[in-house]
Amino acid sequence: MSSKALEVDALQSWYGESHILHGLRFSVADGEVVTLLGRNGAGRSTILKTILGLTSKRAGSIKVYGTETIDMATYQIARLGIGFCPEERGIFSSLTTEENLLLPPKIASGGMGLDEIYEMFPNLYERRNSPGTRLSGGEQQMLAMARILRTGARLLLLDEITEGLAPVIVQKLGEVVSKLRDKGFTIILVEQNFRFAAQLADRHYVVEGGLIVEVVERAELGTKAQLLNGYLGV
Amino acid sequence: MEETILKTIGLGKSFLGFSAVTDVNLSVSRGSIHALIGPNGAGKTTCFNLLTKFLEPTQGQILFNGIDVTHERPAQIARRGVVRSFQISAVFPHLTVLENVRIALQRELNTEFFFWKSGASLNALNGRALELLHEVGLESFANELAANLAYGRKRALEIATTLAMEPELMLLDEPTQGMGHEDVERVTDLIQRVAKGRTILMVEHNMKVVSSIADRITVLQRGAILVEGNYQEVSNNPLVVEAYMGSHGGDSL
Amino acid sequence: ADQPPLKIGFITDMSGLYADIDGQGGLEAIKMAVADFGGTVLGRKIEIVSADHQNKADIAASKTREWIDQNGVNVIIGGTNSGTALATAKVAAEKKRIYINNGAGTSALTNEQCSPYTIHYTYDTIAMANGSAKGLLDKGYKNWFFLTADYAFGYALEKDASNVVLANGGKVLGDVKHPLNASDFSSYLLQAQSSKAQVLGLANAGGDTINSVKAANEFGITKTMKLAGLLVFISDVHAIGIKNAQGLLATTAWYWDQNDQTRKFAGRFMEKMKRMPGMVQAGDYSSTMTYLNAVKAAGTDDSDKVMEQLRKTKINDMFTKNGYIRKDGTMVHDMYLYEVKSPAEVKSPWDYYKLVSSLSGEKAFAIPPDSKCALLNK
Amino acid sequence: MEIFGLSTSALLSQLLLGLVNGSFYAVLSLGLAIIFGLLNVINFSHGAMFMLGAIVTWMAGQYFEINYWAMLLLAPFIVGLLGIVIERLFLRRLYQLDHLYGLLLTFGLTLFIEGVLRSIYGASGLAYSTPELLSGATDLGFMVLPNYRAWAVFSSLTVCFVTWYVIEKTSIGSYLRAGTENPKLVQAFGVNFPLMTTLTYGFGVALAAFSGVLAAPIIQISPLMGSNLIITVFAVVVIGGMGSIMGSILTGLGLGLVEGLTKVFYPQASSTVVFAIMVIVLLFRPAGLFGREK
Amino acid sequence: MKLAKPIILLASIGIAIALPHFFYPIFLMKILCFALFAAAFNLLLGYTGLLSFGHAAFFGGAGYCAGYFMRDMGVGPAIGITIAVLFAAALGALIGGLAIRRQGIYFSMITLALAQMFYFVCVQVPASGGEDGFQGIPRGDLFGLINLQNDLNLYYLVLCLTVAGFLFIKRIISSPFGQILKAIKENEPRAISLGYNVNRFKFLVFILSAALAGLAGSTQALVLGFETLTDAHWTMSGLVILMTLVGGVGTMLGPFLGALVIVLLEHRVGEIGSFLSQVTGVAWFNSLGESVTIVTGLIFVFCVMAFRRGLVGLFIKQK
């Protein structure tokens, strides 16, 4: 096993005719937490989707735990141990909350138990029998996050998980993510909420126009604050 | 004119035995920006749905300008001047930005059923529509299809359309959700600007926005009102801190 | 030699429900007739144009109109389906062109909608009803129950048959109407059975007849009642299968195994089409011949003159003996009542029928007492 | 005893016959409901697949002397394979689009398949006889029920139940339901959804073919035998609640009964009654009898 | 460039006037009637987002109604068609009134079901002539002035009616009313929240569409001289959907092209086949005539797979 959870090189990606990613290179070691920062439309969500092969076309190289995946089908990539929490949440209206939670198949051992998850998100326990899309916006967000914790995936791609959540929940989610990091999960976070990201990440990538324009290590946060401000307007 | 523009008495809604909103007595005073906050699933969106009659209340009464509107249809409520935005942005994607706004303006002409009338008669509305677009900074996009706008601009368009209805009361559901910092600031400014002469009731999780513009805040929890007050009062209330704001005082940004 | 060709237009169901009764086989029969005639008449080449009306009256009528207006077609031969036939007849009459129908059942063609240019050649509902009902009544089957398809054609069959039954001292114990193209007949059959009638008259056609006979066997109704198909084609018997069809009574104008002439025609047809011809296809052949003979005899293709010639000629060929065209357009000829053989009696493929009785043309095509056809009184 | 001028035994026998037909509707509408509910495709070719089941059975008997019992399994398999080919070649490319396109495509395929078979076998039909083992009838006292019809009900209901169980009670079912809404996401969870959809379509179509085999000995086998059925079966699915598996089964059976009664009291209307029911049901229960409102 | 439009317009008018001298007028009229029918249908599907699966009821119903008044009541074509259009509108109010309360596929199904019930009435009522069809509708003359027995005269009348129908539809679409229809199609909840009672709009547009379909149906009955059950059957509802889709949904030209292609197919496959076999020398094409359904089927499959935007998509470039 490689010590790299993810290695991306010369990555390009398209939606139909529009060329979104123009050759990215970055890598994430096993057990690291990194964030992708940037403005609306910079292409951060697209990076996550491209890793899973969800865009219409992609080129370059993506190695997941050492396996080249550029020519693999989405479901095969996922089975290498990736858990994905999409931006639009993707809750299924024809399934109940609990069915939504149980939906993603286990792809490796070591996932969390249902009890553990309900303890973490009591709202979900309360609403477990109602149809997934009848949940409030925030509850759906929790559900989207919770359901990938069960699967045993070790590499988590989390897209704007704090969006629409009450501050207390955001805080709690921060705790969850650090706990996951402690357990050795590898996490890629896409965030608008810089404060949230800053506490958690080992490294930040700034994305603009489909390229990585800056890398900021945790230690450099103080020195590069000005720079980040310029890119993100924080 | 009454001081209170909107008042609910014992408003409640339950879904198959689960009560999402219980006994809410809300009063919104004219001319204010009133924020509705609370934990996820507290019933904020449901309240909005009840106020605009997208949902039928199981209990209680809704008074708008002192008139009981509990049993009116959604379109009637809108005609009274209560207009909402949606949690997920709602525009007419294949109409141009200008047409989007015109749809809302068109009602005042009272020609909406005139299928024999020329479409050119609507050009009379262009001036006003452009004015509104100017207000939200979109006039240069007037002939663009709404579908091609960036997210933050779609929200701005939605607000412009809502304004076109000359609403007395605007209901905004998480207007800044999913926006980058610049957009958040732009929309916050926008809300403040359009609030002049109107009343705004908004749901928002971004405490920066709430603290900077809300005159009054109602905190919902589990479908019921927990406390009410200005930002200072609410953010220092231990119940609110525990249920909603968390130890960072909600200022996670 | 610069004479324009004489054109025969053939329009029928080529692709739908009734395509086996007429369709490609009918076209082949007409081609055989033209070839047998020598390919030319009055020094003109004989041409055939054909079309599929898809059982849609509008297509039938507009095609006919177009053929006459634009292509100079001299005679229209039309196939199955009453609706299309009535619409075509109307156009032909308006344009004064001869229209010969083989395959449509409706007697309206020679009754309320009769025209001096329409010839109804092979059979009509009256002849079918007479054939079946008379034959059975003579054998002592007096009590009838009808299973009737719920449309004009089914009603006509039932009405014509029950008139005959009543006129000959029989009784109609009841009827049940089923929607067109029903797939399950068990319910109707049980209703029929409980009437305790001796004969079950099937006033339907095609798939409906086939399915009724199949179900009647399954429910053992054939043991207690005699099944009389008021309009059964040999292709239907083929589809039902001899095991289920045995004992079924069927009236027909023509059967391939009647005599040497019919067998010879059938053999030639079989070679081309890989199936035996039915009465409609035989009628196509015969009517084409008859028409061409009349053109030759009249020395012109003028519709009125040819019609006159047709009316005064007796038809004697492999299709019928001493047939003639009555004033209302009916071609009057003998009809035959057959019974379907039992599997043991069948000696060769398509050897399905044994003769029960025959009925003279006058009796079979009796003019209805209340006929509204004005031509009859001229 | 008499009810509406009909003896109890007559009424019972009519109801039983209704149930027989109902079980055909149940299997057919089940297949349609699965395909609609899980793939979002309005499978207009369902009637053609039903017909193919019957014709393949006839062909196997005619040309290869394979008997009914073998075909009961083989015909659905063969037609299912055809379904798989159709899904791979055509339908696959239409999932992202409006329902209409799936409908239009399957409508076109139906015309094509029916047209080709009609030009080979004609329209009047092919004969197929009841298997020896099931010929004969049983006297139930109030009526004589052909053994074959009893078998048809029994086997249909068994197939329906098993299918329902798999879809509603196993995880395969929940993948399918979720995949209807958001196929990409389900794949992102590591499920080979394209394969599942292909197999599901194949299975739905195989159900239709199974029903076709069952029908072969009792109704006329002809290239057009399915074309009148499809619209009724479609109505059944709508009344049951689009996509509801149990709904389509129960409604199928129920419709058989209602139709049976109509055949006694107002036979002409027996093929229209389903639409009257549909209007009434939809006006009062917008999502069908067993459907969930969105 | 400014001149292009009027030139195209003038050319089309010229062609339309000259056409019956080159092609068979009745056939042309049939295409016109179906084009109008498809355009009426498209007003609902393409511009309001409502898929009616019951439009045959209006088309066929109006045909019967016009036939009945013209043949059995002896009224002239102008009055006959007017009554038939009113009848279709009333039927539209009935069916639409019930159907618009439901959405999506359920809306389509209610329209289908009600149309099937109407079909049942057509089958049962003796006046319709059942399967034999309602035969012998007289063409009469227009206002006692223009003799419609003459195919050319009738052609110009039908042309005028169709063009008027198209212009009317165009007007509806661009009218203030049409704007709201578009808004409903795009985002119904938003239209409601802007204070529009969407059901009223749907109701009105449904009636307009039914009335126009009725105009097409009654005109066709006048042209052909009879009316049959085919026109009221659900397959006719299916056919009009196909025409619209094949031509291009939500465009003015689409329904016209779709009708042209489908009517051509129905009537001309045989000839197209023999033409092809002459050109290519492949004898198989000759047998095309017997296989209308096979060819039609293939064309639909082809359209769905390759020309999803309809024929119009071939002319208008991608956005």
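Labels A, B, C, D and E are assigned to the chains in the order they are written; within every chain, residues are numbered from 1.
In this text, a residue touches a chain if its C-beta (ideal position, glycine included) is under 8 Å from a C-beta of that chain, and two chains touch if they have at least 3 such contacts.
Fair warning: this is a prediction, and the values are worked out from it, not measured in the lab.
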Set of chains adjacent to subunit D and to subunit E: C
Graph distance between subunit C and subunit D, where chains that touch are linked: 1
Those chains which touch subunit D and also touch subunit B: A, E
Relative to subunit A, chain with the most remote C-alpha centre: C
Inter-chain centre distance, subunit B versus subunit E - centres from mean C-alpha coordinates, in Å: 44
Centre-to-centre distance between subunit E and subunit A (centres being mean Cα positions), rounded to whole Å: 52
Distance between chain centroids, defined by C-alpha means - subunit A, subunit C (Å): 76
Per-residue overlap in subunit C, given as positions that touch at least 2 other chains: 15, 150
Where subunit A touches two or more other chains at once, by residue number: none
Chains touching one another, given as label pairs in label order: A-B, A-D, B-E, C-D, C-E, D-E
Residue numbers on subunit E that touch subunit B, as the complex places them: 171-172, 174-180, 182-183, 186-187, 189-198, 200-201, 204-205, 208
Sites on subunit A touched by subunit D in the complex: 52, 54, 73-75, 78-79, 82, 84, 86, 90, 92-95, 99-100, 102-105, 107, 131, 148, 151
Contacting residues of subunit E [partner subunit C, same complex]: 24, 26-27, 30, 123, 129-133, 135-136, 220, 224-226, 228-231, 266-267, 270, 289-293
Subunit A partner contacts - residues on subunit D that touch it in the complex: 171, 174-175, 177-178, 180-182, 184-194, 243, 292, 294
Subunit C residues within the subunit D interface of the complex: 15-21, 150, 176-179, 181-184, 186-188, 190-191, 194, 206-207, 210-211, 214-215, 218-220, 233, 235-236, 238-241, 243-244, 275
